[in-house]
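These notes open a run of structures that come right after.
Paired with chain B in one complex and with chain C in the other, chain A is shared by the two complexes that follow.
And then the complex of A and B:
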């Protein structure tokens, strides 16, 4: 046994001298990705976790014990007890619920409408998908122009007069919701279309012969069959809406008039006031919340698949 | 219960004529089978009867009433699909109850319950009633689908290859059950299949279709023993019929370069007079070729066993005379081996003769 092992090692060594073995080559190919992944994903993840338990600002030089200085869970305690923070949580929740609900209802509705065959269906589908293909920052800036209270098209088209959609804090959350729904409804629509086209036609035909009502076909055939893929769209959209940043940044900017969204606040804390450690703790709380929401949805998704 | 009448029914999809001038009259309480290869227009015909497609021309009568303008719901037919069309997230009982709950039928709760238990008893699915349909096996699902068709005693049962997704053993079992069901219910069955065994075993009458055209209507016996043309002869029967191009000279049929010379059956002589010196197609079913080790008096030919398939109850022999190949059925007791030389004795009285141009049967 041992002699055979030696023999094998010997032949391996020989192969190594002649050319690289498959495994070496494989590792060589993976290495760049691994280095990048560790340096810009994994390391920051753990470093920010560490920072969230300290008092630290990235603006000043690192002096161990002073900057960063260990302060335990003080940052987290502050996040969870500060009434200002709760306003941000609630605003974000409102934003997520409104935009995701709007996207789901409209997206699924459009998909249902696009199911019936009519002339120019392909063209209209392509047009409807366009918003999704644009860069969010550009979309944000474009909607800012659109919402402009004095000469913007939005007020003009709806005949609303000079309503301020950008800096009025009672309203600008809704303007971002509208832009978000405009941009991401096509995403839900696309997924729904895929789901709908997978529903076997003969189920509808059987229902037709059984004298089933429109409502029955919708609730008993369509919905159960597309439910898993709708759930998937819901998961994607909720996660995205939760951490929305580029759209509000484009529409309202990060100023005092911007709606109190978590991600905006995180940006202000970390990169305007440079309270890096407090920002990290907000980031971690957001991460935990997103993970919790996703887990709940995934549980439902798995149930639906059974 | 009702008969079905199709009058010059035609349906095209783009350039393809799926159903071409179809005329069928199905009697009340008949088990009628539409048989044909894939793309013959069988399913389209059935869908036209159900109203799931709209015909370009022609008329559909159910129970002597023209139903051309009726929606599928109003035609009062039941359709059993090739795939198990059960409603998801419904139990078996809910699936069976569903067609009865329509507002167009006013059944009381106890009536519905009675009907469901009656149907489930006939189909042996009583023990499955409270189960969700996703957990059922293929055979069970198809039985539930059948049950859903049965509960509302429709005018006609339309079945589109309902057994083709089942495995061989279950298919055979369901064949028996369907025949029995037809007998018990006494309703009209309009059944589509590409499987000639299903057609032969279950049908009261069979219509053979190809490329949208109806080629022959008849009882299984008529279809098998007097096929009207080459297609029907080839399509029905397994192993398939042997077809020989043969020339007629006086009272003999010559196959190939006189490798086989057969005396014409007396009753065929008159019909074949006008084909003298011409070619025809001779069809002989494999079971009409008898195998022997010694040469017999008439129409006996020496041939080599090229290949043999044992089916248990019989052996299918592929035989060869120079360049002529054909098949015969032999009892396994002969223990015939590959490469062996045997004599094929052709029963000329059971031969089928076809015109070589029109491929229609001449005798």
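And then the complex of A and C:
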């Protein structure tokens, strides 16, 4: 009798122990990820937030050698008042608008075309997706060869003569836009295809009975149904285009030929002229902009889920 | 009447397919020319108008694997010497008049890429799947906020993050080490892995786990023996995505590795030979470098949409 009582007590305690540990255990599952993110991402970012309010250069073998000197918001004031910086902001905005617009139009267009049912459709889609999975800097490098003014294929195939697409400052932004559009159109295409295939068939059938025109079906059924996914693609591409660094590094390099894009400038300020604190403040302004767009992104991510 | 309508439809259908084929062909021209250039003989690479047809050679591939020095003017190998050369030495000598000195840097960089990618993918998958399980099944306060926080770390521009990371790595002596890059890539991929894996785990019916818990399995046993086997597809797909991201990554590798741990993307664009930038060899290296990512993409096709939307769209 007494032994049975003990047993009961034991299992009760075990159950208690279980329910206690389960929540803690779940936290333990998440812990490694959070520790890693905080130590590699968050902590360094706080460090650079601090640096952005100081005057500091990392150009020395021992970083503890010279201490950062507090100068308040001078760095931020400089970023926002320097006309040179505004050239960078505007060029980046131009870049984002042109490349994202090109990708959205071409990508959605391709997806509409690929609605045609035929044998080998999957194979063609796979072929079109390939550019997207390549290393951007390597893609840039290949386009640089492609653009080569004297013997490159680009001018030859389009019959353009010897146009300099790389070192001419009035043109090199477009050359990067073209390469970017080439690389990321499949991304929009892929998302659009997913969106289009999710549109219920009966809507079209109903419209067919009413003898609705192609245009009516497109604007009243297709567009509203794929809208959340298109927005998702648009926002994601905007974030990525805003950060663009690899592709121009491959095409023009960071030197005199490079168009004035924000990321490239940030690299030059931080790692060529070694103005670490000023670089940090530019970085923080970029970061706030990206975070703002990410918030909108998550909103559409949840919408697309439904 | 009816017949003519369907005939018209057929023609439109045919024209559309034709158009798709043309677009695909034009679209793939840049890709085609990577392979094309890599098989071009040295003398034809800078031809204008560009030569489309030529006798293919593999000297570009030999060049990317070797380090060479040009022969001084007037110096030429005798016929006997040429006869005694290894086949690749002879090819190089005939193509660019160079002598092979030693093995090139490419194999080493390729190996670095493989080490860093495999190391980071493995750690990402392990800790990412654990966290995804925690987020999927745990009833935790502020779960959505944490998930949002995790996602934002992925969206940050690498050039911004790299400034403080550079300082930190220098203080910890992690610059130009495999471990450093592995840690960094893991941190960048884990957010992605958590989001995508959470989607996959959400789909696994919770009943099995509850039944197993009743049978006396511990949480960890449930995770290992029930969840992981059912999530293999998701784990495979997520690993491939992590693989592709780390394989292609440039900004971190470029700034945080100089020599010892340098990966291919950070190295390939800066290969100025004695004869100027060697486009042929670079094309050969590019092709060899792109190949794994392309193969994986083709394998992964079904899950691609899911991956690029962070698991939001399931097809």
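Definition applied: the second predicted complex is superposed on the first by the 250 of 306 C-alpha atoms of A that agree within 3 Å, B and C clash if a C-alpha of one lies under 4 Å from a C-alpha of the other, contacts with A are read in each partner's own complex, and residues count from 1 in each chain.
The working rule: contacts are C-beta pairs under 8 Å (C-beta built on N, C-alpha and C of every residue); 3 or more make two chains touch, one makes a residue touch a chain.
Please read these numbers as outputs of a predicted model, since none were measured by experiment.
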Touch check for A:85: first (chain B), second (chain C), both, or neither?
neither
Chain B or chain C: which reaches more residues on chain A?
C
Tell me the contact category for A:224 with respect to chain B and chain C: first, second, both or neither.
first
With the two complexes superposed on chain A, say which partner A:101 touches: chain B (first), chain C (second), both, or neither.
neither
For A:163, select first, second, both or neither according to whether it touches chain B, chain C, the two together, or no partner.
neither
Could you tell me if A:211 is touching chain B, chain C, both of them or neither one (first, second, both, neither)?
first
Using the touch definition from the top, say if A:203 reaches chain B (first), chain C (second), both or neither.
first
Any idea which chain A residues touch chain C in the complex?
21-23, 25-30, 32-34, 36-37, 40-45, 47-48, 51, 58, 63-64, 110, 113-114, 116, 118, 122, 124-131, 133-138, 140-143, 145-146, 150-153, 156-157, 182, 187, 190-191, 193-194, 197, 229, 232, 236, 239, 242-243, 245-246, 249-250, 253, 263, 266-267, 270-271, 276, 279-280, 283-284, 286-287, 290-291, 293-294, 297-298, 301-302, 304-305
Quick one: which bits of chain B touch chain A in the complex? Just the residue numbers, please.
50, 52, 71-73, 77-79, 81-83, 85, 87-90, 98-99, 102-105, 134, 148
So, in the complex, the side of chain C touching chain A is made of residues 13, 16-17, 19-21, 23-24, 27-31, 33-34, 37, 45-50, 127-128, 130-131, 133-135, 137-140, 146, 148-153, 155-161, 163-168, 170-171, 183-184, 186-187, 190-191, 194, 219-220, 223, 244, 247-251, 254-255, 265, 268-269, 279, 282-283, 286, 289-290, 293-294, 296-298, 301, 304-305, 308-310, 312-313, 315
Name, in rising order, each residue of chain A that touches chain B in their complex.
200, 202-203, 205-213, 220-221, 224-225, 306
